[in-house]
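Same chain, two partners: chain A is paired with chain B first, then with chain C.
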Partner chain A sequence: MDIKKVNEQENTLEIKNLVIHYISDDEVVKAVNGVNITIKAGKTLGLVGETGAGKTTTALSILNLVPEPQGKILSGEVLLEGRSVFSMNPLELEEVRGDKVAMIFQDPMTSLNPVHTVGAQIAESIAIHRKVSKQEALKQAKEMLELVGIPGERANEYPYQFSGGMKQRVVIAIALACSPDLLIADEPTTALDVTIQAQVLKLINELRQKYHMSMLMITHDLGIVAEVCDEVSIAYAGRIIEHGNLEDIFDHMRHPYTKGLFDALPDIEARRSELKPIKGLMPDPTNLPTGCPFHPRCDYAMEICSQSLPQTKWISETHCVECHLYNDTNESRL
Partner chain B sequence: MFKFVVKRLFAMIPIILAVTFVVFTIMYFTPGDPTNVILGNEWSETASAQLKAELGLDQSFIMQFFHYVKNLVQGNFGMSYITRAPVGDQLLARFPNTLIVVAGAMVFCVGVGVPIGIYSGVKPYSLFSNVTMVAGLLGVSLPIFWLGLLLILLFSVQLGWLPSSGLDSFASLILPSLALGSNYMANVMRTTRSSMLEVIRQDYIRTAKAKGVNERNVVLKHALQNAMMPTITVIGMNIGALLGGVVLTETVFSIPGTGRLLVESINKRDTPTVLGCLVIMAVCVAISNLVVDIIYAYIDPRIKAQYGGGKG
Partner chain C sequence: MDETVKKYTTRKEFFKQYKKKSRLQETWNRFLRNKTAVLGLFIFVFIMVVAAAAPLIANYDDEAIKINVPARLKGPSAEHIFDTDEMGRDILARIVHGAQISLVVGFSAVALALFIGGAFGAIAGYYGGKTDEIIMRCMDVFLCLPDVLLALAIVAAFGTNLVNMTVAIGLSFTPKFSRVVRSAVMTVRGIEYVEAARAIGSTNAHIITNHVLINCFGPIVVQVTLYVASAILTISALSFIGLGIQAPIPEWGNMLASGRAYMRDHAYIVVAPGLAIFVTILSLNLLGDGLRDALDPRLK
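Then we have the complex of A and B:
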């Protein structure tokens, strides 16, 4: 019992069986349908999936920022160092947000307040959580700016005076201002061009190591995962369908969807070869298929796949998969 | 910024000249002879011709307009045809009353409309929000003179709490402000609500929440400044409408202001007084537009940069 408790406390983040639906008058969007995620202290988890797989909603739930009133958390738990986020009162939530957990948002163009200086926007979170004076907070904000590679004097400028890449650096500076225990990076490079992407990723990675943060890296880019992450969860239609460390996923993938993701990558050695996209489209989250949500697109689909949802099957201590192919074996069937 | 203000002040000159020209032309071509009204029963061909020469009405249209503008530049609004007193003096005596009523209506408009708009924008699904939106719809739909009469009936006649006419105390300002401002208050409220609704869904609001900013500061420090732009625009546009509405309000509440003076002098074809009233109202509207533009710059740094760069 005691040992188990110690183990739990080592987990910076634990999401258990999370279900979130967006409910409006005429439809129910089933965004998250039973997600389980664990991130150990100091580790980085990559959450990979197509657009609409429920990645961002899962991330927002960690800060209890799922858009209300449509977004409904129907069941599940989010534990930050053992404390349940959903049972925190507003004051406790404000203490956690920005201090224990910080988030880098997807679109730097819209994530900054256009009418406040970037310095003020970074200083705000320092002033709230560090309880220092405004001048001191601004001074520290300038240091944060320098840390992300922007001259401190530019703290007095407004977001419109910054380029996209610099805005994303500011967003990163805001997130890191109070050196959080857990950093959520929601597709931090999607809105940036390729040359800037590499710089921003490198920056995030360096700072993460410097401050020993845990990180949830949300992305659909397997290249980023290979560079930054320790473990990977593959999300599909609001579920984690395969999870493992880098080796498990990159070299010993089990799920047909995971295989499809890798097959869809261009091969640098055979440039002439055609890309192999996964057939079909992501299912409509208002009308998910019965059974395994991937079965209509799956080359390996069996009769049972359309009838029942596969259970989580642990292949090894680090690797698990949700697929009927492995109901009676651990060997790869792909 | 200073350069911008100076530039805009100079730009007001052609605007006011244009207003003067349009009003002057309309008055000039309006059928009817002012000497008829002035002389009344003593009217005769010779007396009329003599009076026209005296007032300069026998000159050509262009010359008359030129003289008027020449006097106007020197601060001389001319003589009233009816009272034979300088129009400037009348305006000086009456315009402050109009300003007080308009200011009262503005305070009511902004002081009540903006906070309600903010609250119902932040909590769009609350009962409060629904009730205020219905009240807002009523506010937009009620005509000023009718609302004014109802207010007098209730608060002056039935309850006897507030005076029904005149403008000699703070209490006497309340009813005219309510009557004049309710339309625009509803406007301001609805605009504030809808722009607040829009802003509160923006990504940067989520960023602020993710930083741990409390609900109150999310609204007051992050959302409000962004949401105020459309509200300021509506308030600015309403100043012109308020100056129009003041004509009715002053009539209903018997307040000696420019609005009533305007109506009276139109009826009597007292061209100099009509022109005087309208020019001073045009100046007011032009100045308030300038003030709105300056406020924009303080709210949004992007606009300020535009002004400063001389591109605006």
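Then we have the complex of A and C:
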């Protein structure tokens, strides 16, 4: 009992049964349909899923930045170190954003403002959260630039004078400027080429360990997950359909969708074999299938799959799955 | 290969070779390639210089104001290149002094409209939703009145003087600027760096001024140029119908109005102010079009 209490306090982030829909005049996009996520202090969680699985919406909800007025948080809670984000007033939110939780955005080309120097953009975050003078903030901004491997004297240059990889380093410097407790990385490397991806990932990982931050890594690249994450959540149609540590997911996967994701990876040793894609397409989030949202594409689909939503089933202490295949067994049925 | 290493001794020098031209410089170069726009700029600068140097060209009180009946309608001469008007005043002197009024009132009216309209437009565009609806519907009400009519109503109600006219024209242009700024803000609002600024905890006011409006500079500059032309035309129109700048203060519109009776025999009395209006507005429109082409990234 006591142990459980301690564990609860150590959770940097807890998302409970989050439901977010985008409601416009003529349709309802069901982006997030009951997501549960927990990140323990100092750990990295990988959130994996296809485009449209609700990953970014989930991330934005942590900062209460879900685009208004279309985005409606219908139920659920987001707890940052035990404090509910949705019940904070604007002032408290401004304090949390950037200071406690920072975000690295997907595309460094558009997430930097073209009319301000990179130094000023890093200093902005410092100036908001630390009571320091402008000069001092700029000085710290230069140190942050050095930290991400860019010469400090380039602080006076504008984003267009930087390459893509360097811009992403600047974005990382902005995110880390106030040494947050939780870092949200929303596909931080999708806009970069492969060699730069490796550099940027290495940098994020090093800095994360140096400052003991927790991280939510959103990606659709399982290679990245294997490299930087401690735990993995697989998202599908706005739900977490399987969650576990690296070993659980990579070696003992239970959900047919997770298996499909791994099968779809090319095998370097079997060059001639054809790829095995998951059949069909991601369901239309305005019109989700009944029951398990994956059943129309699932090779193992049974009658019950189209009728009721599977409950979360804990396979082990660390590993859970949402699938009717495991209603009466814990053994893999794939 | 060794040569390249030797050429750049410091890191700064080495990086310099990769530096691209600044955005401003690129825009300027694009602007220079547009011949008609450069012509517009040239004419407009010329008009500004003439307006600023008006006291050097002709004494305001002696030549532009003082009635000198014996000299009236004498025809062009070395002393009065553009003839004299029905009161014996030098038309050229009145034109150059009139330029001062047109430009000052034109620019101040547009500045006023930009300030008020821009603030409303920025708020409406940034917050969207109900705020947007309320502000923009109010603006729409004003927008459906022709601006000369609106300005006319204000001037008629509060009296005709320079300040009232500036305010009248400024207010009548306000809804237009709120529309322009709103649409520019809405485009910028969706870009990721605005979201990034919110994610580091910036206040909305800071984001609007520091991240959003500063990136709307392009379309706003273009509209300012075009609306200054429109404002100058409105001043002249109001003066022409007698509700703007009052005689004896020289203004192009009231010069046209008072000269109408004599135009058959003394063309200059009407042609000169008409030409002044025409050239000023043409130059501003050319300039505005050129700026728009130069600032529009789609034409890059």
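Basically, the second predicted complex is superposed on the first by the 329 of 334 C-alpha atoms of A that agree within 3 Å, B and C clash if a C-alpha of one lies under 4 Å from a C-alpha of the other, contacts with A are read in each partner's own complex, and residues count from 1 in each chain.
The working rule: contacts are C-beta pairs under 8 Å (C-beta built on N, C-alpha and C of every residue); 3 or more make two chains touch, one makes a residue touch a chain.
Everything numeric here is computed off the predicted structure, so don't read it as measured data.
Student: Do chain B and chain C fit side by side on chain A in the superposed arrangement, or is it a clash?
Tutor: Taken together on chain A, chain C would clash with chain B, as the superposition shows.
Student: Output check: A:Asp248 vs chain B and chain C. Expected answer is one of first, second, both, neither. What do you get?
Tutor: neither
Student: Classify the contacts of A:His129 with the two partner chains as first (chain B alone), second (chain C alone), both, or neither.
Tutor: both
Student: Could you tell me if A:Glu153 is touching chain B, chain C, both of them or neither one (first, second, both, neither)?
Tutor: second
Student: Please report the chain A residues shared by its interface with chain B and its interface with chain C.
Tutor: Shared contact residues on chain A: 63, 65, 69, 93-99, 102-103, 105, 107, 110-116, 124-125, 128-129, 158, 160, 171, 174.
Student: State the interface residues of chain A toward chain C in the complex, per the touch definition above.
Tutor: That would be residues 63, 65, 68-69, 93-99, 102-103, 105-107, 110-116, 124-125, 128-129, 151, 153-154, 158, 160-161, 171, 174-175, 177 of chain A.
Student: Quick one: which bits of chain B touch chain A in the complex? Just the residue numbers, please.
Tutor: Against chain A, chain B makes touches at 125, 201-204, 206-215, 222, 225-226, 299-302, 305.
Student: Tell me, which parts of chain C touch chain A in their complex?
Tutor: These residues of chain C touch chain A: 11-12, 15, 18-20, 22-23, 128-129, 191-193, 195-203, 210-211, 214-215, 217.
Student: Looking at the complex, which residues from chain A come into contact with chain B?
Tutor: 63, 65, 67, 69, 90, 93-99, 102-103, 105, 107, 110-116, 121, 124-125, 128-129, 158, 160, 171, 174
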